[in-house]
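This report concerns only the one structure given below.
Chain naming follows the written order as A, B, C and D, and within any one chain the residues start at number 1.
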Amino acid sequence: MTYVSFPMEKSVDFTAIGRLCIDLNANEINRPMEQTSTFTKYVGGSPANIAIGMSRLGMKTSFIGKIADDQMGRFIVDYLRRNDIDTSNVVTDCTGAVTGLAFTEIKSPTDCSILMYRDHVADLNLMPQEVQKELIAKTKMFLVSGTALAKSPSREAVFQALCYAKEQGAVIVFDLDYRPYTWKSPEETAVYYNLAAEKCDIILGTREEFDMMERFEQNPERSDRVTAAKWFDYSAKIVIIKHGKEGSIAYTQDGKSFRAKSFPAKVIKTFGAGDSYAAGFLYGLMQGWTIEASMEFGSAAACIVISSHSCSDAMPSAAQVHDYIERCNNGEITSS
Amino acid sequence: MTYVSFPMEKSVDFTAIGRLCIDLNANEINRPMEQTSTFTKYVGGSPANIAIGMSRLGMKTSFIGKIADDQMGRFIVDYLRRNDIDTSNVVTDCTGAVTGLAFTEIKSPTDCSILMYRDHVADLNLMPQEVQKELIAKTKMFLVSGTALAKSPSREAVFQALCYAKEQGAVIVFDLDYRPYTWKSPEETAVYYNLAAEKCDIILGTREEFDMMERFEQNPERSDRVTAAKWFDYSAKIVIIKHGKEGSIAYTQDGKSFRAKSFPAKVIKTFGAGDSYAAGFLYGLMQGWTIEASMEFGSAAACIVISSHSCSDAMPSAAQVHDYIERCNNGEITSS
Amino acid sequence: MTYVSFPMEKSVDFTAIGRLCIDLNANEINRPMEQTSTFTKYVGGSPANIAIGMSRLGMKTSFIGKIADDQMGRFIVDYLRRNDIDTSNVVTDCTGAVTGLAFTEIKSPTDCSILMYRDHVADLNLMPQEVQKELIAKTKMFLVSGTALAKSPSREAVFQALCYAKEQGAVIVFDLDYRPYTWKSPEETAVYYNLAAEKCDIILGTREEFDMMERFEQNPERSDRVTAAKWFDYSAKIVIIKHGKEGSIAYTQDGKSFRAKSFPAKVIKTFGAGDSYAAGFLYGLMQGWTIEASMEFGSAAACIVISSHSCSDAMPSAAQVHDYIERCNNGEITSS
Amino acid sequence: MTYVSFPMEKSVDFTAIGRLCIDLNANEINRPMEQTSTFTKYVGGSPANIAIGMSRLGMKTSFIGKIADDQMGRFIVDYLRRNDIDTSNVVTDCTGAVTGLAFTEIKSPTDCSILMYRDHVADLNLMPQEVQKELIAKTKMFLVSGTALAKSPSREAVFQALCYAKEQGAVIVFDLDYRPYTWKSPEETAVYYNLAAEKCDIILGTREEFDMMERFEQNPERSDRVTAAKWFDYSAKIVIIKHGKEGSIAYTQDGKSFRAKSFPAKVIKTFGAGDSYAAGFLYGLMQGWTIEASMEFGSAAACIVISSHSCSDAMPSAAQVHDYIERCNNGEITSS
């Protein structure tokens, strides 16, 4: 069964709105950051990673965001262009804001952390009047990243973009991507996440992210089914709840649920798993595949990313993902 | 025809959320404030005025808001209680915020202005977790005042209250009450006003307020009918657009429109006209009267308020309004 | 002995820098503010009161400050002009700041309190480049009020003004006038008060104010003599420490100390006592009177102010003060 | 002649107060940062560099500052300790502040720039009550870096430290180190720089930095002699004005001036030149050398730093500096 249908007459496959930032990945791994001395620079930010992933998978992709007027900002926009992403709605900040940074620390494959620089960042300065209605009007699938709701005026830009996307008939995806910094309180977060989720067709998040959204509600057993059901009363067709190592479950409007097959991987770090999964899954849906096939493809894409040093740079092509699945099926890849 | 039906089993007729402040009305009128020397203190704020108006008209009324922990705050809550308004959800601020002030200047009956003190005010500190779901659950009609959307965390409190009111089946009224101070930009205002209006059954505002909400839209002729039609696609049943001296028009879901009869008045000042109109009109609806009868009752209530020195203190009882209408009909009252 | 000598060739007797605000005095006294209903408007703020006092006493007076661009601001500047105070260095704010307010509550002659509005006030927006060096250059005595140090850019304006006054040879008076609101911490306050006091010839304050300044020092017995001695190592010639009802002590550079005679009064409220005392005392010094005679004159001026409803409006002329002293000496005035 | 004499009985040679941050130096040089991909992490910040320089030269050194409670902060304090710098007055921030960052870009040896991250940085959170009077009391030479004046509460911490240093008899050095970001206006900067400079024995800065301090003054020809003379009326004994490639001039209280001999260098970048110069010069003074000899030593130290990739890490030992001078004198080193 097809749960979402895409407006195929539109010319852009995928548009994301939100954060564009820089990852600074420690080159020396398996040690605390106090003991690292060099870092490599990559484009980062969850929606940027997903957009790069979609473009690598062959989707015609564009981005709505804001960059700092500095070397980091110019590096980001250059990288997006080199990856065939349309940046005509990537605006340059003129208030002296900086580019968000994420220094990554990989103490072990399962103990990774991030040191964030999110004060006065350009991406949260995107204004509602800077969002191009015309771009959203020609987009099949529109993705909102929750961190873009963290602060004004980016918060208003997202709500205005949602208004355009709803009105223009795009399939709307909400990647919860909740990061506590920047937000003033969990209550503030819950209110705006709920307001945004009401308008979305596909919602993806971890169990913990959905818990945060249920701050004012009753779901004492943290039931995934209760969580998903709420959104089917609004606009949702698919709700995916991620349980880390235990895998993800997709709930659909018709009361069904699906679990994805998982693949082995030689894990270097966990960063980027969610973004590559999202890109793979959404790509599958756009190909008209079943939920299960799309989830499987997402899982394999995630395995490729967590087996390498970067996030954005490691986003695979469709051929690479198919190849990875085949090699897993042949027993050529085993867990580390 | 009845456009809204009230959940008659509920025990509270009317609950308003929003600003509670102090009016300081110059005692010497018909001169600039530079030349006045004494002021009289009244409870003020649009939703406070409407709640006082509803209570005077005999409705069981409650209020959701926040007051400063000072003499002004205590004066406000005392006044509400003396007017039979339930204040169990009026919270006291503990951050050192102050009570909002409005010094009124009456240069002539038609040239009135307000000097506002709205920095660091207690009413905008209401938090979403302070809104009592139980109170909203037992309310027939719930009124939101737009100024409460001007700033966090009051903005979030309003959205959370709207969520409760929608879920619990109250008839929701949105009094636009737009005041430019406090807001950061007209775009920010438009985004949140639209998000709130989507959830409301009855929307009241001036033509200028609706123009502000249409900042991202196409309505070049500023057509009231176009404006109203948009909201009938969401939750609205009645949209009232006020044109100052030219009177108000009520649009209804079924494509009809209504104009109210107006009454003569010996005008002292224009402050409070909208609030008393709203109270009178909503009272009429709750009595099951027609739109026209409700509008007429609102107009007469407004005439009584603009003929006196205060706003809140002058809110009339039902008997006073009926009497005013009768005296007008008898030709006993003529314009000044 | 003369402790300070004035540059008699200069054309302006007295210039003050700092806060200009509005007092709203409850007309109904001897009750809490919750039970008052009308207020009378006066010009207020400690340095404003002292400047008005000096002008009433016949001194050629000017003021350096900033007013809001509103009716309250215009009322203030009009009042200063009507009191013969030069306002050529009273600047109008253009950032939307408001006029500071002080609502006074008189529960009893000895239980008075103030409800302050000090958020976003115009007076604290005075910038260093707005201070006219030329005005200070022609001033005999220059008074700084401590509240003007509470926030940038007014803080910088005061330090720049002190720099001009020192360089140009004015006698510099520091009226500590410490009000905890607006300041971020007592440590911040202590640092800037000490930096300013280093440059001043005459320092006036309460014991509690000097305690605050000694936050980083050793004066465990809170000795006035220790307190005063510190400042004689910098620029001070006279240090006056006020002990409320127990009266004031003036310490001088040569190791002497003086106590003022006090007078009976029919006290209405205590507000304004310090300001009228300061004006009377500084006037005496400028006449070449002894410390004792100047203090006595200040005490009598203070008695006149606390026997009336306002502060600024009640500031006496020299004839009134002399008359009050005479009547006290004749036994015509006794305490209430 | 000796211009400054040090309190030789004290146990700590040198204490600096101010910024502790991280330099991220692009490993790929002679290109814009858009084209670099890896960075190496070093301890940075002008006073940190000078303190490291002094310690390498054999001086018993301590530091007063604040670090973020994160991996960057811990890296900094570890590095200081490994360089024999006492960190007992390096406080850890507990407000979530971050470590300041400086990404360096070396387009060519003469075209270097810095991309700064200075929002919400830990170093500017140092509070006056955190400065240990006991540490300053046992210090011979105390150095203040101007950037620590940029914001509260660090600004107050510096003024309090200056108060202790003055009272306790340390020789006080003011390294102007003016960076426009963080400051609200040039007027604000000028006011606090002047207030601090009044209390200092040795003042070092560029001509442009002294221009900034003269914003409210008359020195139309930008005369170094006029600039220096002002400070001899306060506490200064030596004023050094730096003119970039044209070299530095030291003015002394007795009206003399001195120019330093310069040395050839194979320049990689200009960063760190001023800090190594300061360390070398101050070291010379503490050895009792003449002004000329001290300046020469400072120049040679600067040449060593600008010939290498880092700042802090390249700070030379005394033996290295002596060796460099000797090799220059022998013609073994020539300019690149």
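Criterion: a residue touches a chain if its C-beta (ideal position, glycine included) is under 8 Å from a C-beta of that chain, and two chains touch if they have at least 3 such contacts.
Because the structure is predicted, anything quoted here is derived from the model rather than measured.
Shared contact partners of chain A and chain D are absent. The chains touching chain C as well as chain D do not exist; no chain touches both. Compared with chain D, the chain whose C-alpha mean position is the greatest distance off is B. Here the CA centre of chain A is 42 Å from the CA centre of chain B. Averaging Cα coordinates per chain places chain B and chain D 61 Å apart. Residue positions of chain B in touch with at least two other chains are not found.
Taken chain by chain, the contacts form a single closed ring in which each chain touches exactly two others. The residues of chain D lying in touch with chain A in their complex are 24, 27, 32-34, 36-41, 70-72, 74-75, 78, 98, 101, 103, 105, 115, 117, 119-120.
On chain B, the positions that touch chain A within their shared complex are 127-129, 133, 152-153, 156, 159-160, 163, 184-185, 187-188, 190-192, 194-195, 216.
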